[in-house]
Amino acid sequence: MRILEVKNLSIQFGGLRAVDDFNLSLGKDELVAIIGPNGAGKTTIFNMLTGIYRPTSGSIELEGESLVGLKPYQFAQRGISRTFQNIRLFSNASVIDNVKMAATMHSKDNLVSSLLRTRTMVKHERELDEKVMSLLEPLNLADKADLLAKNLPYGDQRRLELARALMTDPKILLLDEPVAGMITTEIEEMAELVVRIRKDFELSIILIEHHMNFVMPIADRVKVIDFGKTISEGTPDVVQKDPKVIEAYLGGGYQNANA
Amino acid sequence: MATILQYLVYGLQLGSVYALLALGYTMVYGIVGMINTAHGDFLMIGALGTYFIAKLFDSMSIDGTYPMLAVGCIILIATVMTGGIAVGVEAIAYRPLRNKPRMIALITAVGVSMFLTNFPRALPFIGPNPRPFPTLFTPKTFNVLGASITSTQIIMIVLAAVTMLALDRLVAKTKIGAQMRAVSMDKDAASLMGINIDKVISITFFIGGALAAVSGICYASVYPQVEVYMGSWLGNMSFVSAVLGGIGDIRGAMLGGFILGIAQIFATAINSTFGYAVGFIILIVILLVKPAGIMGKVTIEKV
Amino acid sequence: MKTTNAKTMHPLLRKFGPLLGCIVFYVVIMLLRKADIINGYYMQVMLFAGVNVLMTASLNLVNGFTGQFCIGHAGFMSLGAYGAAVITTMVFKSNSIPEAAQIPVFLLGLLCGGIVAAIVGALIGIPSLKLKGDYLAIVTLAFGEIVRALLRLIQPIGGARGMIGIPNYANFFWIMLFVVLTLWLLRNLIYSSYGRAFIAIRDNEIAADAMGINTTKYKIMSFCIAAFIAGVAGGLYAHVLSFIQPDSFGFVKSADYLVYLYAGGSGSLTGSVVGAVLLTILPEVLRFLATWRLVLYAIILIAVMLYRSEGLIGGKEVPFLRIKRSSLYEQPLFGRKKNGLSEE
């Protein structure tokens, strides 16, 4: 069964049709990559898939339930989580709190027990703490748990975004340029991490990335967007050889396409 | 009918005071992004300053009226002085906080406002007592459809409208206007383009301060009394006007000022407390319908 | 997993130290009052300082921890003040309340005042919290002024002249009790999933939303809790001063609380306490300057904002108003077998 069905998704900003007729049928445990030149509309697709922008037309169905019109937090509560291209951490909170914040919707404590800080509430906090630490461990963030997020180095911030997204217990994870600005070794680590997460958490993943040598080995399927339109899709091999794709990238002055 | 018309005249008169003051609020907000709660006090400084400058010109007055030239000088000195004080306030108190959270600048503005009210109040030759404002213009009264309208009122209303138009053109057409727009959109980018941000902001504050002085003179000409507290509630009301019209928008400030002035006069006719509150009620109603004010545009934040 | 390290405070001290400190403080103050070292006037200033701590700390919840801009907080205070005063003075005719019933009536009044403020907080919060930043600020300002105008118009509660003859039940004991209780509850709240949700909204509303936090719900919640506390503080204020008037709760008062909050340092309860107490006392200390008092006050305020714009305390917390992660792993104090945490 397909977990996510997106049909004819379009959005208009004034005169600009930023995404035009986007379709996606995502299988369980599948990893689909979306690539395309700058300004193609990739992030905008994510924004629609997480309820931050409301599409002008089209439908989004998660396991048969239509999500269009819901608030972003409802998308998250139904199991779509994401990271942001321009990192959006809770910068004045500690690393561990950043991740705990993403567990807010799973919290079992009500207002009264929180105000009184009852024994059960403390116990829940402790359990949550341990759960978060076990998530931070494989991401190499455990020893930085008490640092403020804004004081982390860039690569750590990206991994923290990942940890935070995982904490919401998603069915589908959307990664927006997870290796942007990283160096080669970090990119390789991140590729391993994504593969591992996908397996351990049994997640479906949609990935936006410009680094072809990051995307191509791990993606099951690639969709290529240019000026809001899907110009090509298929397995990484097929897409890489598609003349339209090469055209779009070279036409846009993008050098990294065949790197 | 005649009474309604008469109220309308009063409304426009009060509205032009609000509008002139709101223009400064809106420009500062649009360009610097801060709510300058001390802006109302510039009005007070303008009016009080005029009072003292007029005192200096006393020897020229005949029967309590001044020759046109003297009036021109008095007004010019008062507006330039107020504009200068506004520039000084910005340079001393606001500029160092430009990159801090906006609430910090707001609190500083509260402090500045407190200073601007209490400093003259503490000075022995000014003090807290209200003073009669000198007659700068001897009004001629006209009768229109049973309502009386004075030349002062006409001057005020026309002055407000002309200033608004001039300011609108200034921002839209001139080089400094283009720089202002650039700074309001993106300070860093503007700075990279070689725009002197400090200068643009100083000019903005100067214009805002000068307009506040003009509006103070207008206000005191029709309600001829000046005191150190007059800036605070006038400031609040014109701030509401600016927001009502869509803060950051020059035409909006004008529109908001007149709407509020007229509404307040009519409401005051019913009950004076209600007259004060009506502005806030209109504000809330309008913001609930149009969250960015009448002329403001709601933008979707790019993510 | 990390356990308590040697440097953290002994759990017993951490748990009961503050309580002990409060009792000692109370006793010392009462002794000084008995000896007349603290005269009635100083006492009154201390009571107002306490009320101001409540107001500032609650404002901090909205502005400092949830990142919203409320600039009409005195509006909630006035609702609480009138709510409580109406209960004690008009419903129960203060001078005919028997001794024994005075305290319950007083507490009932405070509760009602708080509830009225919280309900009104929800009523204005629900439609207006969708407004962003400055516009929300302006609506709260407008709200405060409208409440003031309405109170002026209602004749049975004195109109513009205000209410007099409110019994002065709010003595040092009650003020201190409410301050300590409120700070404790707020601290607990901030270090819970609720507080984390507030802070997440403050730090990045879009990300908070995308992580499944119902931002509107939490914003309203923070707003209502703050309004409730402000209402109770208003009730206490009325029962300290015995006299309230709509015009005492205008924008000037709201601005005072903003000043206390940001001068003390927003996002820190310690900052609220320090800001409110210092700035309540400062004008009294400066009283010898007569008319120059507020001029100097203004200059000090501007200087603080310019040279220490993060506030005097700058986001730090004293240990008792903070909960460290390590304290989660403390052994329970009394008996009870080790709870959950196994070694290694």
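We call the chains A, B and C, going by the order they appear; numbering starts again at 1 in every chain.
We adopt the following convention: contacts are C-beta pairs under 8 Å (C-beta built on N, C-alpha and C of every residue); 3 or more make two chains touch, one makes a residue touch a chain.
Values in this document were obtained by computation on a predicted structure and should not be read as measured data.
Asks: Sort the chain contact graph into one of these: line, ring, star, complete or other.
Replies: Topology of the interface graph: complete, with all chain pairs in contact.
Asks: So, comparing C-alpha centroids, which chain is the farthest one from chain B?
Replies: Taking each chain's C-alpha mean as its centre, the farthest from chain B is A.
Asks: By Cα centroids, which chain is closest to the centre of the whole protein?
Replies: Central by C-alpha mean position: chain C.
Asks: Measuring from the mean C-alpha position of chain A to the mean C-alpha position of chain B, what distance in angstrom results?
Replies: Whole-Å distance between the two chain centres: 49.
Asks: Per the centroid of Cα atoms for each chain, what is the distance between chain B and chain C, given in Å?
Replies: Each chain's C-alpha centroid was found; their separation is 35 Å.
Asks: Report, in whole Å, the distance between the mean C-alpha point of chain A and the mean C-alpha point of chain C.
Replies: 40
Asks: What are the residue numbers in chain C that touch two or more other chains?
Replies: In chain C, residues 206 touch at least two other chains, as defined above.
Asks: Residues of chain A touching 2+ other chains?
Replies: 52, 84, in rising order.
Asks: Going through chain B residue by residue, note those that touch at least 2 other chains and give them in order.
Replies: In chain B, the residues touching two or more other chains are 303.
Asks: Give every residue of chain A touching chain B within the complex, in rising order.
Replies: My answer: residues 13, 43, 47, 52-53, 84.
Asks: For chain A, which residues count as touching chain C in their complex?
Replies: Against chain C, the touching part of chain A is residues 50, 52, 71-73, 75-77, 81-82, 84, 88-93, 96-97, 100-105, 107, 109, 111, 114-117, 119, 121-123, 125-127, 129-130, 133, 145-146, 164-165, 167-168.
Asks: Okay, in this complex, where on chain C does chain B touch?
Replies: By the definition above, chain C touches chain B via 63, 69, 71, 127-128, 130-135, 137-139, 141-143, 145-146, 148-150, 152-153, 160, 206, 251-252, 255, 258-259, 262-263, 266, 291-292, 294-295, 297-299, 301-302, 305-306, 309.
Asks: Please name which positions on chain B make contact with chain C in the complex.
Replies: 35, 37, 93, 96-97, 100, 102-104, 106-108, 110-112, 114-115, 118-119, 121-122, 232, 236, 239-240, 243, 247, 271, 273-274, 276-277, 280-281, 283-284, 287-288, 291-292, 301, 303
Asks: List the residues on chain C that touch chain A in their complex, please.
Replies: Within the complex, chain C contacts chain A at residues 1, 185, 188-189, 191-197, 199-200, 202-204, 206-216, 221, 267, 315, 325, 328-329, 332, 339-341.
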